[in-house]
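Dropping the structure in here first, questions after.
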Amino acid sequence: MAIHSVFIINKAGGLIYNRDYSTNIAKLSSNEALILAGTFHGIHALASRISPVSRSEGGKDTGIQTIDTANFRIHCYQTATGIKFIAVTDPSYMQLSDVLARMYGLYSDYALKNPFHNLEMPVRSELFDTKLQQLIQSS
Amino acid sequence: MATAQRQSLLKLDNKATKRANMLLEQNVAKQRRDKVSLNAFALLFSEIIQYSQNRVLGIQDLESKLSEIGYRVGLRVFELAMWREKTVHRETRVLNTLVFINTVVWRTLFDKQADSLERSTESEDEYMITDNEPSILKFISVPKEMSSFSPGAFISGVVEAIVECCQCPARVTSHVVPADGMPLRTVILLKFDKEVMGREKQLEAGK
Amino acid sequence: MSPTFYFAIVGTNDSPLYEAEFGVRRDENKHLNQFIAHAALDLVDDAQFMSNSCYLKTVDRYNEWNVSAYVTPSNVRLMLLHENKAEDSIKGFFTDCHELYLKTLLNPFYEPNAPIQAQAFDTKVQALARKYLL
Amino acid sequence: MAKQYRSIGEEVWKNKVEKVNAELFIFTYGSLVVQLIKDYEDYHSVNKQLDKLGYNIGVRLIDDILSRTNLEKCKDMRETAEVISKIGFRMFLNIAPSVSAWSADSKEFSLILDDNPLNDFCELPPRAVQGGLWYSNVLCGVVRGALEMVGLLVKVEFVRDVVRGDEVSEIRVRLEKVLDEEVPVGDD
């Protein structure tokens, strides 16, 4: 499997979902995961702020879309409502925006339409877990 | 009463009559408006659950609230569904009523028949209607600490209203009984009142 | 002599939801009419388990009166006191009144078994009486 | 532009959303309103509560819209109004209210609901009309919640409704403030 893990970060930079899908990735402690989320959120905001064209055109830069290392690649998809869907994959994965967009669909179905989901809290839904796992496995 | 005030009340009255006439004249034999999105229903239903949850203390109370909301839906859906049948008729027998719910009502509300209708093996006054995947509950994930909660209580309210309309009152409850790949498989359990079962026996004997 | 009719819609708790008289009004009869219609409810209760049609035809007689009944699927009873016996037109009247009741029920604000007081409802029932009965 | 949104809305409605019987939805909404009236006994509080429930729906529903379309950020309120009508209302209720009565500063407009499903069987009792009930007030909350999530603070209210005896049903939307959507660095 080439998608190693998934993070979802809310508008305020809080980590609301975090799952590993392969054994072959360094395990982050929950504290490290929170720091990663907060840091990524900050750099992302900074990146869209320093983007040279965006301000002049009145539009907004998309911020960071990918980060590469020798061993893996981080993909990020930010929605217009400020939620970030992040996946860690093998470096060979060039394009992941389709999968991330489908994650967004699952989130809007199985997290947001679940009466027991609180917008400020982490996503706790077995259905969401299952559907997301199926999506990751089929990608 | 001042003339102006009387006139404004009269005006209100005329407007109300116009609206009432429009409603009494509209054609309900066919469904005028076919569908809305399931997402719209799911979001509304999610709010209904959250709203109710904030006003009750326990899971049982929450279920009765949902059932109460469903009850008012059932009253209307039933009389309307019957009106649209080829021959408008009444159901007063337990089994016929259950079959009507299982087929006509389910098809009307959920676009499919219920998955099964069974009599309990333990007591003859108990019946079960099962829906393996209730579409309107599709996005709901009940948290572990509330595992006895059944969001299908809304549906059991619909069913309770209908059996009452058919003069077969019963205690109707809803239970989540998950099966493989069907986490929200819902069983609607009906326990009919004693008088109903007594009348059934009499009618059976008198045949 | 022109015909007289007494019509009542009776709720599931036996309370009248709506009443009307058509034709020549004989005010002295009003309470008697109510009494006759009410007394016939027991007969409706017996008859309704014997068939599954809504229209139960004539269920009772009292002097020159016939009492016809129609039961909606949710057990709201429509009762008509009449002298003549034109079954087809009575059935037509009942069916159309049932439809008016149904549309009243569909309003989320209508509480089952509450009296139906809307002017519009009364006007429509009176029109149906002229169409089918008078 | 309106045409483009119309076809996006229709495409989503046709191919990308599951459907449910409209009457089930309508009766369920009616039952909820009746429940609120039982619980609050005061029509102004009911209006408020409906608006609040709608807001909670709106802040979630916006992601439903965005995850099913590839909408670009709207340039101005005129574009936003078109999206609300042709995509938002279409993909949930299968209606598209007309947009009209723009204010001179283009910050305020009306949505005219010719065919509001929530109203289908509804006749308000006189005391509810006098008490000031806006039967479909949930819709105002939905619009307000959805727009807030994309940085637009709006005031939304019913000004006319056919169930109150008015000629048409009209929702007035006014843009109050635009939020800068990027959270400042280091804010957490």
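Letters A, B, C and D mark the chains as written, and numbering starts fresh at 1 in each.
By definition in this document, contacts are C-beta pairs under 8 Å (C-beta built on N, C-alpha and C of every residue); 3 or more make two chains touch, one makes a residue touch a chain.
Since this is a predicted model, take the numbers as computed values, not measurements.
With chain centres defined as mean CA positions, report which chain is farthest from subunit D.
C
Where are there more C-beta contacts: B-D or A-B?
Looking at B-D and A-B side by side, B-D shows more C-beta contacts.
Would you kindly tell me how far, in whole Å, the mean C-alpha position of subunit D lies from that of subunit B?
27
If you average the CA atoms of subunit A and of subunit B, how far apart do the two points sit, in angstrom?
Roughly 40 Å, centre to centre.
Distance from the CA centroid of subunit C to that of subunit D, rounded to the nearest Å?
Result: the chain centres lie 43 Å from each other.
Approximately how many whole Å separate the CA-defined centres of subunit A and subunit C?
66
Give the residues of subunit C that touch two or more other chains, as numbers and ranges in rising order.
103, 106-108, 118
Two or more other chains in contact with one residue: find those residues in subunit D.
27, 29-31, 34, 60, 64, 121, 123-124
Multi-chain contacts in subunit B: which residues touch at least two other chains?
Each of 20, 23, 39, 43, 45-47, 50, 72, 76, 80 in subunit B touches at least two other chains.
Chain contact topology under the given definition, line, ring, star, complete or other?
Per interface graph, the chains form some other shape.
Under the stated contact criterion, what part of subunit B meets subunit D in this complex?
The contact residues of subunit B facing subunit D are 12-13, 15-16, 18-20, 23, 31-41, 43-48, 50-51, 55, 65, 68-70, 72-73, 76-77, 80, 108-111, 135-136.
So in the complex, which bits of subunit B are touching subunit A?
39, 42-43, 45-47, 49-50, 53, 139-143, 146, 151, 183
Would you pull the subunit C residues touching subunit D in the complex into a rising list?
Touch residues, subunit C against subunit D: 103, 106-109, 118.
Can you list the subunit D residues touching subunit B in their complex?
13, 17-32, 34-35, 39, 49, 53, 56-57, 60-61, 64, 91-94, 117, 120-121, 123-124, 126, 129-130, 138, 162-166
Please give the residue numbers of subunit A that touch subunit D in the complex, ascending.
11-14, 38, 41-42, 45-46, 48-49, 59-60, 79-83, 101, 104-105, 107-109, 112-113, 119
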